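Consider the two complexes below, in which subunit A is the common component and subunit B and subunit C are the respective partners.
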Partner chain A sequence: METHECKTTTAGHPAGVEILEQRMLVPNVNVLTVRAPAIARKIQPGQFIILRADERAERMPLTVSDWDREAGTVSCVFMQVGTSTQKLGVLEPGDRLPTFVGPLGHPLEMANFGTVVLTSGCYGIGALYPAARRLRELGNHVIGMVEARSNFLLYWVEKYRSVCNEVIISTFDGSKPGKKGEGPVHLSDLLATGRKIDRIIGVGCTFMMYETARSTRNSGVKTIVSLNPIMIDGTGMCGACRVVVGGETKFACVDGPDFDAHQIDWELLLSRRKPYMEAEAVSIENW
Partner chain B sequence: MPTITLNNLSVPFTPGSSVLEAARQNGVRIPTLCYHPILKSVGACRLCVVEVDGLRGFPTACTTPAADGMVVRTDTPALRSLRREVLSLILSEHPYTCLVCDRHDRCAEWQVTIRKAAVTTGCENCPKNGQCELQTLVDEVGLSLMPYSISYRGLPVEKKDPFFDRDYNLCILCGRCVRVCQDVRRTGTLAFIQRGSQTLVGTAFDKSHLEVDCEFCGSCVDVCPTGALYDKRSKWEGVPETTARTVCPYCSVGCELDLWIKRGKVVGVRPAGAVLPTGGLLTAPGGAAANTDGAPRNNGMACVRGRFGLVEMVHAPDRVRHPMLRKGGRLIETSWEDALAFLAEKLPAYRGESFALLASPHLTSESAYALQKFARQVMGSGNVDSPTALPRIPRIGELVDRLRAERSAPLRSLLDARSIVVIGANPRLSHPVAAVYIRQAQAAGARLIVVDPRRSELAKRADVWLPVKPGADAALLQELRQALARETIPGEPSNEQHALPQGGAPQGGAVAQAAHCLKTASPCVILYGSGVTHSLAAVETLDAIHDLAGDLQAGVIPLFGAANTLGVLDAGAVAVDEKQNYAGIVQGIANGEIKALYLAGEMPALDELMKLELLIVQDHFLSPNVAEYAHAVLPAASFAEVSGTLVNFEGRAQHFAPAIPPVGDTRPDWWIAAALARALGADGFTYSSAADVWQELDEQERPPVGQAASRPPSALDSQADYPFTLLLERNAYAYRSSALTDHIKGMELCKADEESLYLSVEDARRLAVAEGDLVQATSPAGSATFLAHLSADLPATLAYASINPAHGSQLFVGMLPGSKVCLVKIDKVTS
Partner chain C sequence: MAKIIPTKTPMPEQDPAIRRRNSLEVPLGYTPEQAMQEARRCLQCKKPDCIPGCPVNIDIPGFLHLVAEGKFIEAAHLVKRANALPAVTGRVCPQEEQCEGRCVMAKKFESVGIGRLERFVADWEAAQGAVQIPPKAPPTGKRVAVVGSGPAGITVSAELALLGHDVKMFEALHEPGGVLVYGIPEFRLPKAIVAREIDYVCSLGVQLETDVVIGMTYTVDELLEEFDAIFLGTGAGLPWFLGIPGENLNGVYSANEYLTRANLMRAYDFPNYDTPPIRGNRVITVGGGNVAMDSARTALRLGAKQSIIVYRRSRAEMPARLEEIHHAEQEGVEFQLLTNPVAIHATTSAVSEGSAAPAAGTGNWVREIECIRMELGEPDASGRRRPVPVKNSNFRIPADVVVISIGQSPNPLIPQTTPELKVAKGGVITVDAETGKTSKRGVFAGGDVATGGATVILAMGAGKKAAVAIHAYLETGEW
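For the complex of A and B:
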């Protein structure tokens, strides 16, 4: 694994990475763009960075959603849930992030698989976009499935349309342009048509990925999900991101973040999130 | 009793009810949204539609008066479909997805991560989830499919103000917040506003609440049926596990409050009666407070202190949680056993007059009683006092008592008053809920007469302002009585206004106007505040108030600053003898006669504390100067953790029960006094509960009250060296020995003028002081620096400042707590 501490401490410039853009795409979903040429040169789909919003904030992994190798910029789509991300959400262009390290984690496997379905929701819509772009470049037939609770929570639909062969939008409440229902339901429907699918990649909230794993289990199609459990230091030292995959303990930050969805011990994964969330409830009050 | 036929059943109803109220009286639910029992019904949401024989269409039950013999149907297919349509329309601008989502239950189980979002996009990340009236309504109305997709407003969430956030993307425009702010609180901060083509609620010109003088009473938050308005602090706490009815410990209004409890902690506060019960929300068990005679007197209201200042006080990180003893120059945490043993060894040496107790008027009656009993019976000392009045004057307890016995009036009598006289008080700051009642009475036509040296905010709202020289209130009131006697106009109430003529009338004119007002508008209620009890002429002024109230047959409400001033008086935790009062004790400490001091929630700002051989501090917080001198620190349990009684300004004893277990190793104040007494081998302190103490206290003869010796009227006369009379407003946010402004984030913002000194324009010109300059005020006792503000509301040579005594203003060093006036000279600070 490569890790590049990207400390821009050139003389005359304050330390840290400069924020170029901060925008709320839809409620709670922000896109943050920073100048980080070293990362922009190397980053591959599926990789993440670790940042801190300020000196006192905790380290936080974010999947990289877009980059411009020439301009040396990197963008991350993130959800404002919890203290750290809300601290990040209030930063403005010109502000500096004291820590911005990457690229981290293994890149997603990219090849010409044939037909690939990308299913995503929440921050995952952004996180999976680079994969859509790259897979299309490699000659795949790319089907982008994007889900949101309601149409006012949809973003980057046009960006998806520009790189995918097909885009299927679903909204839980059926608000247009969505098809009513959750993404994984439509994925099941798609598989049920008997159409040949060669690979499925899912990124979104844990619940959505769990449902994706369930709906593809019997199809035999290789399904990869990106785990976003709690990662704190990004080097496997802290063990916060432990997951059990195929009976073996893995670290999402070092061994992942992408795993075979059908090998993951979901019950364990979901049950481990709860105590952390309780602590988070206290920290946001005291923010 | 008249009857109404509801869905084929003939039932009685209270005359004057609306159809909705008649239905509720008989246990028939009609869905509502814009209705709230403390607000005037406006019929805005149209969810409460009913069918009434003889009335066309579908009238709204909340605005249709019930009539004898009326035939009403509340639940027909036509009504059900109409309600579904109405609710769908209301929800079309609301992120309703979760409301009608069929996987709602599963989602709640798995999606634990999404709750604390920056913006609410559905119930799953909404602070109101589980207590939302929309959620109840969707079930009640039976809405499962939404015909319209969401048109999300996309407004930024307002998070910059203290205490609560506002997300108007969730607002369903029921107008409850606007009505409570305008009609109930009468602050008028909120209104319907137009933003582009959208109608919204908010502040005029989209200003922040701080900019538009919001009182942060929280009433708008309390009545909001949705998550649009929500406390910052308890935003993510969710539905409380239980609630407990209690009494606010801050001021003497004694508002009834419901504490929200979770995991043994107080997580939120709502004034009793403000929040409508919804499916998920537990309603408070009624019996916790014993004063359940009718509706709570605060009628669903509170103020910023009670509403937003309790959780942080109770669970403040810097609360003293364990007993501490000074060892090797430092205070070290220890056990109760060791602390009591230490004191049992030390205290006997100070039996008699070398021991003194100063008790806070915020203590419960039980605690005040047990503490004074300890001091008098175990320590054998009469040096016991509490700052109920200016300490330099003889006890005024007798006069307060006489007024209470003869003229006491309930808070609600303000609502029936035709005239109100306020003397020496600033209730908007000190007793906000009483101030609301005054505004409501005024709106109903009552005349307001304000006696105040400065043209205070209340004076500006008054029909007649009677400016008075500090200390000369009694003379003014006598003048008013004479004018009243001269008024011969027959008692025909007239409606013409008696505003102060432009440019200010000569005193005589204003007094005559006030007399005219009072003669023509009865009943009258008189309120007096610390400007009276803490002035040098308190005795004369109270006498004059007694006389005036007699002439007018008026009720009298004393606006004591602390929650339990009357209870502490009743419990006998005040001096019986002038030498043993607060001033005497302070003097005794200074000249070394008093060697051991027991501070129960009270803290005089005195350098002399360092002279003490034994200083015992019993409180929630340790202020820095006390921390320096204290030998023993005893952690007191807060009101939320104890049972006890507070006697409010109406003289009503309000009992309350503990809501949560004690924080840390804290103990009730009465328990500590009793434990100390037992440690010293005393009998008669075997109480097992506050109720035991109350029983004993209740059986006591009222302790003898000191003579209110009459003194020559003592208006302060300016002296050449100190030409200004400075009126000092003590931080109304003081509680026990500290100030809420020091412990609660955002509280300081409501009290922006702290450490500011207001000067008349004339004086400022003479001193060449401009707005915002630094000035130094020097009294014989010391000096302090303030930011100068120019005020058109002050006469020459009168200045006004608001100070935080917990910060130990230099003006206070050597001065006595409670002082409201002092003579100073003022100099511009040139640096």
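For the complex of A and C:
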């Protein structure tokens, strides 16, 4: 990229945004904290940022999973899956990200709904934490459901306990303290008890959100999920992130990323995640 | 004047067979001799028609006279009095409709190559390192925020900085330049030229902050707390789609995404850069403007065996610059004119009879685009003859990639977060055409955001007018 003498980047920070902390929470999942005061001042639960790990990297969206408005810091939890996330994973405190832009997207709707179930897996555990905190502040009874393949992949459980009224842990292999099985299964069980639930919010990999939508479809409980299609600009300029919701084409970055799970064309969404798999394989070999 | 030379001095160009696979610039530029020869074709009209044809009224015979005498630097400085980005406009202006279209020579012969010469003097000035920084007025202590770093924003920033104001330009993307960097490809407008222009604006003392989305990172109201005036030059970046079945299949892209990946994200250099390019053997581009030509030509450079433009009107109605259509043809882009897409299919099948085709949208990847033949009917509001479908003329074209390039409108992020800002049909911000004043005190707008997708030079013209009005507002405080 051409550099310009006068260039200041990202809300007044010369030469990019500084990484303050990079920590592995569990294998493959890191938490990254940067100094970005303008974003910290504004960010709301459910919003995301777009970053580039270096000058040649892709623009990558990550949900903001914690912040400190006074210290001017924001944190993201990310899963290392491909080139961009792995490039990010090797950066260290003091390194600078050339791009860190946000907040992007609409905030999650926050109100006193009554009883709210938050169901999350992989990076979603981090991504949903601010919503849990805020919903509790607003007087909701918050049930946090976190899932992982096995107990050693669980993180932030204590953080959840501090802001949720109840925490339900599920592990695919049944390792303690989890209940055996995937989150959406336990969600179905919970709904089957007839307990009054006023809202369900799910964040995780696309397949997990799809399963969440399926297990709540007949319950009549409003279910919101946070979609993660491929994005480039994150400002409504490219249309890469288009999803079909309620029969209408929406741009997830500016119309979402949160949508009514029962209105989403899931087949289309799942298929739109695949196009670059081959290229991603080339990219990671090259890196 | 000496003997009239009827035709333009030819522009050396890269061979089509070679350039269709590289991203280097297509026209190579005049040599000094060629430039002087071409400039001598100008009749030095007493009442030159070319000047009113130029939206920023460059003293065309004046600068051509200097070129004819070999005074290239002086010519560049004269051009720059009216136009801050001659290296850009000389390359991308639709000259045949503007300056050159009005040139008297064009009545009988070929017009003078005004655009080519404008490009020549700008490149010459830069190559000689003779870029002149005009004298700046003393600091006024007034602060102006310019939102968007496209041609409109660049122009406003430069003009106001010269008038002594403290200017800060905000850009949502990670690189400044607007469409000049994310849309128009390298082979037509090398990135280095845009960077040069941005550097020039910076050398005037303008500050630039990239990776800031106004409306999100800061709202317009927050900017007004810190700045005395705001100029919105946010362009028309929201891509339209056709609204036909199958449009969300994998392999269907907006031209913005297609070009942004290739240009801004340097996907053509994948895997040295991480963003994957979009490759296909058969690329269909829908549309007939500059954006469509750029997409279809980019497809060839990304290795497409066949690149086809599908356009619903005839060649005469194509809004693209003549030169781009011509270059696209030379490079082997095919044209399916009077053809309109009706559906995009993922399944392969025999040519369909009418609507008896299998349902569109099954499977994941685009395989065919179903089109209908059009014929021209009565003229519509734009004065162009309206295309009407020919019954039962559906046919299919195989496709791996479909690029939708049918237009753009302004991004709604700023109006959505600035309730006092009036917006007209199509999402354009309502402004006073002479001053760029919006419905909100202290906020001006211009360029594509106020007109819908137009041209570089019109965006610059709007920027100039707005700069004059902003200056007056800052001096008098009168709205």
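Brief remarks follow.
In this section, the second predicted complex is superposed on the first by the 273 of 287 C-alpha atoms of A that agree within 3 Å, B and C clash if a C-alpha of one lies under 4 Å from a C-alpha of the other, contacts with A are read in each partner's own complex, and residues count from 1 in each chain.
Keep this in mind: a contact is a pair of C-beta atoms (placed from the backbone, for glycine too) under 8 Å apart; a residue touches a chain by one contact, two chains touch by 3 or more.
Everything quoted here is computed from the prediction, not taken from an experiment.
In the superposition on chain A, A:T249 makes contact with subunit C only, while subunit B stays out of contact range. In the superposition on chain A, contact of A:Q86 is made with subunit B only, not with subunit C. In the superposed model, A:R199 makes contact with neither subunit B nor subunit C. When the two structures are aligned on the shared chain, A:H262 is found in touch with neither subunit B nor subunit C. In the superposition on chain A, A:R133 contacts neither subunit B nor subunit C. When the two complexes are overlaid, the chain among subunit B and subunit C that reaches more residues of subunit A is C.
Overlap of the subunit B and subunit C interfaces on subunit A: residues 83, 274, 280, 285.
Note for the complex: subunit A touches subunit C at residues 1-2, 4-12, 38-39, 42, 52, 56-59, 83-84, 87, 98-104, 232-233, 235-240, 242, 244, 249, 254, 268, 271-272, 274-276, 279-280, 282-283, 285-287.
By the touch rule above, subunit B contacts subunit A in their complex via residues 95-98, 100-101, 103, 107, 110-122, 125, 146, 149-150, 152, 154, 169, 233-237. The part of subunit A that touches subunit B in the complex is made up of residues 24, 27-28, 79-83, 85-86, 89, 122, 149-153, 172-176, 182, 205-207, 210, 270, 273-274, 277, 280-281, 284-285. The touching residues of subunit C, counted against subunit A in their complex, run 172-176, 182, 191-192, 195, 198-199, 202-203, 205-213, 216-218, 237-239, 241, 243, 247-248, 250-251, 253-254, 256-257, 260-261, 265-266, 270-277, 364, 411-413.
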